[in-house]
Amino acid sequence: MLICRVVGTVVSTIKDDKLVGKKILIVREATTENELVGKPIAAIDTVDAGIGDLVLIAQGSSARQTTFTKDTPTDAVIMAIIDELAVDGKITFKKS
Amino acid sequence: MLICRVVGTVVSTIKDDKLVGKKILIVREATTENELVGKPIAAIDTVDAGIGDLVLIAQGSSARQTTFTKDTPTDAVIMAIIDELAVDGKITFKKS
Amino acid sequence: MLICRVVGTVVSTIKDDKLVGKKILIVREATTENELVGKPIAAIDTVDAGIGDLVLIAQGSSARQTTFTKDTPTDAVIMAIIDELAVDGKITFKKS
Amino acid sequence: MLICRVVGTVVSTIKDDKLVGKKILIVREATTENELVGKPIAAIDTVDAGIGDLVLIAQGSSARQTTFTKDTPTDAVIMAIIDELAVDGKITFKKS
Amino acid sequence: MLICRVVGTVVSTIKDDKLVGKKILIVREATTENELVGKPIAAIDTVDAGIGDLVLIAQGSSARQTTFTKDTPTDAVIMAIIDELAVDGKITFKKS
């Protein structure tokens, strides 16, 4: 999974039926120190994440393995909110 | 999913039977400010998108999860037209 | 799908049983103006493409969605020959 | 599969039900000489790997092929601890 | 599929049950002239390839489509040994 920060939202009216009622957020990959490094990815939120949260996303067919995204035409899902990251025994991120 | 702008069309006569009757568009990845940054990707359109539209595409096996693309040999599908993007609470794109 | 030009052929005697009788071509990603830009990819040909043809390839599990490649250990298939590409209303490629 | 070194841990309370009870580690791709080169990837550990271990990870749908990760929304799994790597007949890594 | 050269071997004792008895080789992507260009990838060998052989690998779920790798947590398989490559009508590689 990728470590990403939630940075924005997508509004779409015309979309596949299976996407109706699903919140789509914009995330960008982040370092373990929570610096943004990646390009924007649109992902379906299944854990009620908010702007600024550090999250995990699963991509590809794995994005369809949550109850909420089953059989949905999406290739990215937010399925965990990160509380804490530690690298080499040092805490590099702690959710405030 | 990737945020992409529709930039062109593909015409193909000799193709897999399952692609017959499907519109194939050329998209390129765009920033949240709608600047083109990515290389061309050919994607099946399922939402009647037009040239210039900002859209979401799903890739890989997820591209086959719309009713229209089921069991089709395609790895990219346009399944949403973007109305609005917001990043850090600021609207960065609004469909005109 | 990726826009690719067919550039070569692969000959292989020792291979998985399911690959026997399948033509494997070498393609490289091309721009919409038919300039080669990508590295070589080996793909199973299902549309009788020839050297120099501009084609579409599907990758990943989608490469196994043609009748010809079902259950085959391949992650790339040529499933369309491109007749014409248009970008921003201008024809950038036309098959001769 | 990718050759990766385990470098850290992820703590998450709010997550998909299927992730409960699964240890998520941070790995980074390494060379065959065990130098870190890749960006952080979060992967589910199925072999009780520890910080510093050189491991193999499988990505995509293959990450769900262990008994432990079946049907789980994850796209990366640690499924082997590397004892030894040899390149061109020379041992480049040996687990101490 | 990718054109790769076999460069090394992986030894692992602690691993997923389904990997037991499977030979894991290290390959690197090569040009059609057999120059190494890619980073190391660990792949399950199903065709008894040897160090120095030029091979094709399939990645993702396609890596599980051989009889030998079915349901295995691997995302890369060697499923063909290359005898000859030709680009633009010129032979660029011939197995000695």
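The chains carry the letters A, B, C, D and E, assigned in the order they are written, with residues numbered from 1 in each.
Just so it is clear, contacts are C-beta pairs under 8 Å (C-beta built on N, C-alpha and C of every residue); 3 or more make two chains touch, one makes a residue touch a chain.
Owing to the predicted nature of the structure, the values given are computational and were not obtained by experimental measurement.
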| item | value |
| --- | --- |
| Touching chain A and also chain D, the following chains | none |
| Touch-network distance, chain C to chain D, counted in steps | 2 |
| Separation of chain C from chain E, taking each centre as the mean of its C-alpha atoms, in whole Å | 20 |
| Rounded Å distance between chain B and chain E, as computed from the means of their C-alpha atoms | 33 |
| In chain B, residues with contacts to at least two other chains | 60-61, 63 |
| Direction chain E, origin chain D - full chain order round the ring | D, E, C, B, A |
| Interface residues, chain B side, partner chain A - complex | 1-3, 29, 31-32, 37, 46-48, 56, 58-63, 65-67, 69, 77, 79-89, 92 |
| Complex contact set, residues of chain C against chain E | 7-19, 24, 26, 39-43, 51, 60-61, 63-64, 71-76 |
